[in-house]
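Each of the two complexes below includes subunit A, the first together with subunit B, the second together with subunit C.
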Partner chain A sequence: MDTKLGNYLDERFGWRGVWAAIFLRKIPHVNWLYTLGSATLFVATLQIVTGILLTMYYVPTPDHAYDSVTYITTQLPAGWFIRGLHHWGASAMVVLTVLHLLRVFFYGAYKYPREVTWSTGVLLLLVVVGFGFTGYLLPWDQKAFWATTVGTRIIAVAPGIGPWLLRVARGGDELSAVTLARFFGVHVWVLPAALLALLLIHMYLVIRNGISAVPERKE
Partner chain B sequence: MNEQEKKSYLTRYHEAKEKGVPFFPDIIFKDVIVSLLVFVLLIALARVVGVPLEARADPADTNYTPRPEWYFMFLFQLLKYFPGNLEVIGVMVIPTLMILLLLVLPYIDRSPKRHYMNRPWASLAALAVVGGIATLTVLAVLEAPPPQVTAGADQAALLYSKNCSNCHGPSIDVPPGTDLHQLIAGGKHAGMPAWGGDLSTDEIDALAGFIVSPKGSALYTSQCGSCHELTVLAAGNPLELQRVLDQGPDYPPHTGVQVQRWSDTLSVSERNALLNFLAAPDGQRLFAVNCAGCHGHGVVFSGDEKQLRTLIADGGQHLAMPAWRGTLTEGDLVTLAAYVVDPAATPAGQTLFEQHCSTCHGDHVPASPDKDTARKVIATGGGHVTMPVWGTVLTPEQLDALVTYTLAAGQGGGAAAGGQLYAQNCSPCHGQFGEGGPNPTRAGDIIAPISSAEFLKTRDDITLRAIISQGQPNFGMSPFGAANGGPLSDDEVDAVVSFMRSWEANPPVELPTEVAQAQAAALTGDQLFTNVCSRCHGPLGEGGIGPALNTPAFQAKYDDQALYDLISKGHAASQMIAWGEVLTTEQIQQLVRYVRALQPGQDPMTFSGAVLPLLQEKCAVCHAADIKLGGWDSSSYKAVMTTGDNSPVVVPGDVSASLLAQKVLGTHTQGKIMPPSGKMTAWNIQLITDWIAAGAPDN
Partner chain C sequence: MEPSSTVDASPKEISRRQFMSAAIAAMGGLIGAALGLPAIAYIIGPALTKKTENWVRLGAVSKVETGTPTLFKTTVQRQTGWIADQQEIAVYVLTEDGQKYVAMSNICTHLGCRVRWIAEQERFFSPCHNGVFDKDGNVVSGPPPRPLDRFETKIEDGVLYIRTV
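Presenting the complex of A and B:
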């Protein structure tokens, strides 16, 4: 990258500064548990890519949702593979996020100066769980329909505003086409937007404050 | 953490960093390896396990057992420990608190210690939470597979494992007096669907019995299961069931069958368990079987629960006969006591009896074994014979349920009773939930939903009452009010209306119109008869609310033209509306041909075929072989003809002289009309009077 092109671009982009800040920053000696965060980031990227591919064929209406998922799985070349990665990736996201959270907790890495990093991380966990909940309905099969029926009904237990919340979640009193449209909208627009925003803050804070060192017993 | 601690931390961190390695390539190398491993794992999962896609979503299939994604399983399991009103703690309070705690953790825990061994409490708490979530998840997965029960074994357990155990685990604890039947049929809390559409009434009864008394279900399988199907005996008549258990092989229908003497082989608690299984402690149904015969739809009871319990348990002892001790002299008391023991020997007692007792007792002198008992009863009051001593018939659990229900029904008004009436009278055309459907009387016509908010909001009670009572003959709806010849009394019409009003608060699911429209097509004579006539005349024309059509007598009475006119113009003052307004000429001709071709049936006046079943249904609660109120036993031909304090109650060939006819017609001047819950339908009464008029044959 010491070429003329590299210099040309650096003059205009300043990429060498960015590269140094992100990739050449020094990290204390850490162990393998510190790879959980980047593994989570990797699976999140994988989910985004496979998710985008799936939206090209998926149709979020009760009449066509099931058929389009069947089409993706059985007709589309490698469709089963993309859907399989997305499906198992969802579970992997939950597992990796929680493991990452536990690592940070037990190493006390959420303490000064990384408090806000931790809070955005917890919000990211909620976003991941939200992805799981909304995505579960989309195939519109029996499992999807009834698990969501029960899952949304739980919201109605909230004192006072419960029934209202339930209608907001379902877009009516019963699970319907509106529910599917809402869940799809939340799954592909609202949550990804939230994920990216939180992720940017999270990553910025990680680089800004540095990766925490493994704590010592004698401190 | 104070400023100095912060500074010292930053200094130490800076040193550690300087001694460390650059992110690229050292750290990122490890990251890539782990990410690749994860990727390979995901590919393997997608390739080997794949993604299960189940059948297309079917909102009508409430049999499906919902299962959340695995990472929600612990919440699902947690829910089970917070039943009823506590649910909100399990689903809202605990998760919200946990999330809030996580969010603000760094702002609460400000100590500078970082190593997990240096902050044991935080570490232990976190381990406990992780362990708890893991345990809950494992439990949820372990409890979810239904307990496997082989077919042919305990049928009720099989039903349970198929339908309930996924959510409820191997057993359910219910508080005494819970109306399980209603709860299962109607659904209840979050996640519990209404099973009424998927299970038959008998199956729900069996389930209710199993839930309350799994032991009873096992006993049933071992003791009764080889001869009886499960659903036949569930929700049986407790009086009859108790009799069977007491008599064992001596019970008449068990003659010649190898059965045990259960009063010896089963302990009291086992017999209770079996009875609880067969007649599940379900107040509404117990009331219907045991009490409705005399008390109609409900008893308005203003006392407290304890009083009611004593009253039902002691039965006969309850009606308040005043204590005569203060009113009568000691001499009069003795005379009366002697009179009731042996009226003929104590002529002086008769005057006293007529003065004081016959207002309530009529001319029936209550029997008493000896003078001392009689004197005590008269002096202290109490003592009455018209109500069985339910304390000896019902198990404690059943008694609980009956008390709870009676109290609730007395306060709650008619909606519950209305529901039953609706199911019997209205649901065949309007559907179980008032959702409507194809009009059975007119091909191509659709009955609109009557449970929709739109329908109910635009009609007041008076209108609804009028429609039910008078019918809508031009739409093919017969009048249902007694005043118009129908089967429902005014009170019953009101009950139906209040039941329909309950839909407003709790609207039932509506069928999409395309489902409703699916069936409407041209009808054959057979279908016409089934849809239009069989509701009143029976599926084979054997009679019901309306007279039998398949008897030689009926067939001879009307020629084809008369039959046509009868269908076309209807019958004044009966439920038979003028079908000419609804059906086409051709359809009526079809019906006439169909009625002519009916299989000739039994003579309606057959004692064993028609009269005895009617007596069993209407009279046997009080007039059975072992209860015999008024000395009359309705259980067999011989008993009907010979028993009774005023026997004979039947004078063959003479309706007006027969006490039985007078009682059911209400022409008898003494005492109440029978049955005490109200007059039977005209057709039922006619069955009895016709039989008497024909010479009361034993056929």
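Presenting the complex of A and C:
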């Protein structure tokens, strides 16, 4: 982008400064474990892209959810591929997020001045688990139905307001069309919004504070 | 190709940074293609499915009034995406002599509204943009670009069939 167009845009956007801040920042000598955050971000991007593609055909109602998923998997070109990526990517998200968290924890990288980065990271883990939990119901097959029956039932264990919270989560006493619709809404609107907001703060702080060096064995 | 007269004495060395940049760009392009190409196939997939041709039974030929378009309605079984449903087809059949039958679609050739035969005025009228057709389906006035579409017809045992696409 050393072109006229690059100069033109830089004059108006200052994109070279942004680029330098993001990609040309100084980092300490680190190891491969430091790629876990980037790996999580990469898979998250993949989940967003494949998730958007899935909503082109998926229908969140009990009478069509399973059929639309079957249609995606068996009738559409590359449908099995898109859905497969989203399915396995979901597991990868949880695994990578946890591994990333463990690296930060064992390297003590959550300490001053990075406490807020850590906090948003922990919230991001909750968001990722929320994605997994709500997404699991969407195929509306036997496994999805009973896993969510059991999963939501756990909420009822909470003292006092437990049974009421269960009704809120399910949108009624039993799993129903209402449950499927709200899980879908949470999966494609609420959680993505939370993810993007937290991710922006998380990334901003990583860039602003820099990343911590590998701790050394010395006083 | 002419042999170049001047050979660069010092071949350009690729710096570590340049190599990494190129490698990252190549891998990014590869991943983008691996996801992008299937995504395109996935999105345009439903448009690629072949239409099924079928002879559809309209009804007894004897019901067709001579000299005036007669409306036949029938339903065809259809599979759209994950839903199997019935689509209603309405066809105007015209015969002048009881020998030759013309089956015309009731879909206006302008933008797809359904035309209606008004017997008093001997015209088909489209409700949307004032498209008017005569009884043979030719455009009389309005925006339609071509006459009403016609179906291939056949008669077996006094029953009229059309071929749908």
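Throughout what follows, the second predicted complex is superposed on the first by the 218 of 219 C-alpha atoms of A that agree within 3 Å, B and C clash if a C-alpha of one lies under 4 Å from a C-alpha of the other, contacts with A are read in each partner's own complex, and residues count from 1 in each chain.
As a working rule, contacts are C-beta pairs under 8 Å (C-beta built on N, C-alpha and C of every residue); 3 or more make two chains touch, one makes a residue touch a chain.
The shown structure was predicted, so the numbers you read here are calculated from the model rather than taken from an experiment.
Engineer: For the overlay on subunit A, clash or fit between subunit B and subunit C?
Structural biologist: Subunit B/subunit C on subunit A - fit side by side.
Engineer: Look at the residues of subunit A and decide whether subunit B or subunit C touches more of them.
Structural biologist: The partner with more contacted residues on subunit A is B.
Engineer: What is the contact status of A:Ile154 with respect to subunit B (first) and subunit C (second): first, second, both, or neither?
Structural biologist: first
Engineer: By the touch definition at the top of the document, which applies to A:Gly130: first (subunit B), second (subunit C), both, or neither?
Structural biologist: Neither subunit B nor subunit C is touched by A:Gly130.
Engineer: Quick one: classify A:Gly171 as touching subunit B (first), subunit C (second), both or neither.
Structural biologist: The answer is neither, since A:Gly171 touches no partner chain.
Engineer: When the two structures are overlaid on chain A, which partner does A:Phe106 contact: first (subunit B), second (subunit C), both, or neither?
Structural biologist: Touch status of A:Phe106: first partner only.
Engineer: Please indicate which partner A:Leu46 is in contact with in the superposed arrangement: first for subunit B, second for subunit C, both, or neither.
Structural biologist: A:Leu46 contacts both subunit B and subunit C.
Engineer: After the superposition on A, what does A:Trp140 contact: first (subunit B), second (subunit C), both or neither?
Structural biologist: After superposing on A, A:Trp140 lies in contact with subunit B but is clear of subunit C.
Engineer: So in the superposed three-chain picture, is A:Leu76 touching just subunit B, just subunit C, both, or none of them (first/second/both/neither)?
Structural biologist: second
Engineer: Does the superposition put A:Tyr57 against subunit B (first), subunit C (second), both, or neither?
Structural biologist: In the superposed model, A:Tyr57 contacts subunit C only, not subunit B.
Engineer: Report, in whole Å, the shortest distance between any C-alpha atom of subunit B and any C-alpha atom of subunit C after the two complexes are superposed.
Structural biologist: For subunit B and subunit C in the superposition, the minimum C-alpha gap reads 6 Å.
Engineer: Which subunit A residues come up in both lists, the one for subunit B and the one for subunit C?
Structural biologist: 46, 70, 81, 85
Engineer: Give the list of subunit B residues in touch with subunit A in this complex.
Structural biologist: Interface residues on the subunit B side: 1, 6, 9-10, 12-13, 16-24, 26-28, 30-31, 33-35, 38-39, 41-43, 45-47, 49-59, 61, 64-72, 79, 87-88, 91-92, 99, 102-107, 109-110, 112-119, 123, 126, 130, 190-191, 509.
Engineer: What residues on subunit A touch subunit C, complex-wise?
Structural biologist: It is residues 46, 49-50, 53, 56-57, 59, 64, 67-68, 70-71, 75-79, 81-82, 85 of subunit A that touch subunit C.
Engineer: Any idea which subunit A residues touch subunit B in the complex?
Structural biologist: Answer in residue numbers: 22-30, 32, 34-36, 38-39, 42-43, 46, 62, 66, 69-70, 73, 80-81, 83-85, 87-89, 91-92, 94, 96, 102, 105-115, 118-119, 122-123, 125-126, 129, 132-133, 136, 139-147, 149-151, 153-154, 156-159, 174-175, 210, 212-213, 215-217, 219.
Engineer: Considering only the defined contacts, which subunit C positions touch subunit A in the complex?
Structural biologist: These residues of subunit C touch subunit A: 35, 38-39, 41-43, 45-46, 48, 81-83.
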